[in-house]
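Each of the next two complexes has chain A plus one other chain: chain B in the first, chain C in the second.
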Partner chain A sequence: MKEKDKIRTVIGMILIATTVAGIGAWGYFAQKAGRNSQDNIMVLSIFLSMIIVVGAAIMILRQRGNLKAGLPIEDEMSRTIGYKCGSISYIASIWIACGAMTINNTYMEITLTEAVAAIVLGSGLIYFASYFYFSSRGG
Partner chain B sequence: MKNIKNGKIALIMIMAVSLLTVLVLITFSKTASQKSISKIAIIAAIIILISSLRFVFERYSELKKGYPLFDELEKEVFNKSLIIAYITSIWWLLAIGWMSSLEIIIFRDPSQATGMGIIGMVMILGVSYLNQSRKGVLK
Partner chain C sequence: MKTNIKQYRVLMEMTQEDLAKKVGVRRETIVFLEKGKYNPSLKLAHDVAKALNTKIDDLFFFEDEI
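This part shows the complex of A and B:
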């Protein structure tokens, strides 16, 4: 079980490193290509992605700390919190999708990529915000 | 007695929401420009109708016997299926975005794509819940 937890933590750290590298490369090449009209959206997307990555990194570091202390990486409470945050994020993602649809039909035209980015990043942010909120409250 | 009354109200509300969803999907299938999308909407409507009818009748018979509408295990199973549905939905939305970029699926506008995304998310939740409840275990 401990070996499995260790592998999970290492995979998580590799995924975070890959994501950071991916975001960095994306920002670099986009900057190099000179996409001026998309600059604000790009900066916002990178900022939101980085917040999510930092949240994931904190989670992984906590798990690593637990592992070092000889504890399992997740207990019953953290599992329940994870389920709770997942359900909140799922409902939020549906509402963000509805919001994107409404904005596209009424206020301004958005592209599909922007809509998908809003749903994925928005729900990811809500997941981490609710995770840290419930963790600080103790479930 | 109060438990039965509240349960009955909840079941009536669940049935009403399901019927409204089915009606929306049928209307959507009539107005969709592509035949494949209207077929997906009809299939979703049928799945929702059958599952909700089965759910309501099963629960009503249990409610009459004096059981609560949702027990602890069911709440956990539902939360677990929600988090699985959330993670799968993120990939589903990304897949829609990629397929649209590669012109595998051509959408009229982002709203249509987002609508399809929401329908897919709900279907994923249904499949995830059925799978989890069939397993009947938490780990």
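This part shows the complex of A and C:
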């Protein structure tokens, strides 16, 4: 169990490092390529991605603290919180998709990439927001 | 919901970490259990009661029972 927890934490750290490197490279090359038309959207999506990465890093650090103290990284309470946040972010992703469709048909044109980015980043943000909310309240 | 977990834990000279290790949960779970903010499953309540050498009835009670 402990070994499995250790592997999970290490994989989480590697994923976070890879994501940070990926976002950094994406921002660097996009800037180098001189993208101007979608600068605001790019900056916003990098910012939102970084918030998600910071949320994941805090989660991993908490798990590491428990692991160092010889405690499990997951238990009944954390699983309950995980299920709650998962279902909330799933419902949120459906509403974001509906919102994107409505905006596309009425106010402005949204590309498929932008819609998918909004769904992924939006549901990710809502997952971490609800995770920290429920974690501070005790589920 | 209110609990007597802290009183029993202190009586047994255990820290939250010791109790968490004995029950096999994270320390945060013990913190919220003591505050009465987390409703545990029957199994977890049983495990905590067993770790503190007492019964579930002595650990957990609702405010209307006081």
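Throughout what follows, the second predicted complex is superposed on the first by the 139 of 139 C-alpha atoms of A that agree within 3 Å, B and C clash if a C-alpha of one lies under 4 Å from a C-alpha of the other, contacts with A are read in each partner's own complex, and residues count from 1 in each chain.
Throughout what follows, a contact is a pair of C-beta atoms (placed from the backbone, for glycine too) under 8 Å apart; a residue touches a chain by one contact, two chains touch by 3 or more.
Note that the coordinates shown come from a computational prediction; the quantities given were computed from them, not determined experimentally.
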| item | value |
| --- | --- |
| Clash-or-fit label for the pair chain B, chain C on chain A | fit |
| Touched partner set for A:G86, first chain B, second chain C, both or neither | first |
| Partner chain(s) touched by A:A97 [first = chain B, second = chain C, both, neither] | first |
| Chain B versus chain C as contact partner of A:G27, first or second or both or neither | neither |
| When both partners are placed on the shared chain, which of chain B and chain C touches more of chain A | B |
| First, second, both or neither for A:G55, with chain B first and chain C second | neither |
| Chain B versus chain C as contact partner of A:V120, first or second or both or neither | first |
| CA minimum distance (chain B, chain C), superposed complexes, angstrom | 10 |
| On chain A, positions contacted by chain B and by chain C | none |
| Residues on chain B engaged by chain A in the complex (per definition of touch) | 76, 78-80, 82-83, 85-87, 89-90, 93-94, 96-97, 100-101, 107, 109-111, 113-115, 117-118, 121-122, 125 |
| Chain B contact footprint on chain A (complex, rising order) | 80, 82-87, 89-90, 93-94, 97-98, 100-101, 104-105, 109-116, 119-120, 123-124, 127 |
| Residues of chain A defined as touching chain C within the complex | 62, 66, 69-78, 135, 137-139 |
| For the chain C and chain A complex, residues of the former touching the latter | 17, 20-21, 24-29, 31-32, 35, 37-41, 43-44 |
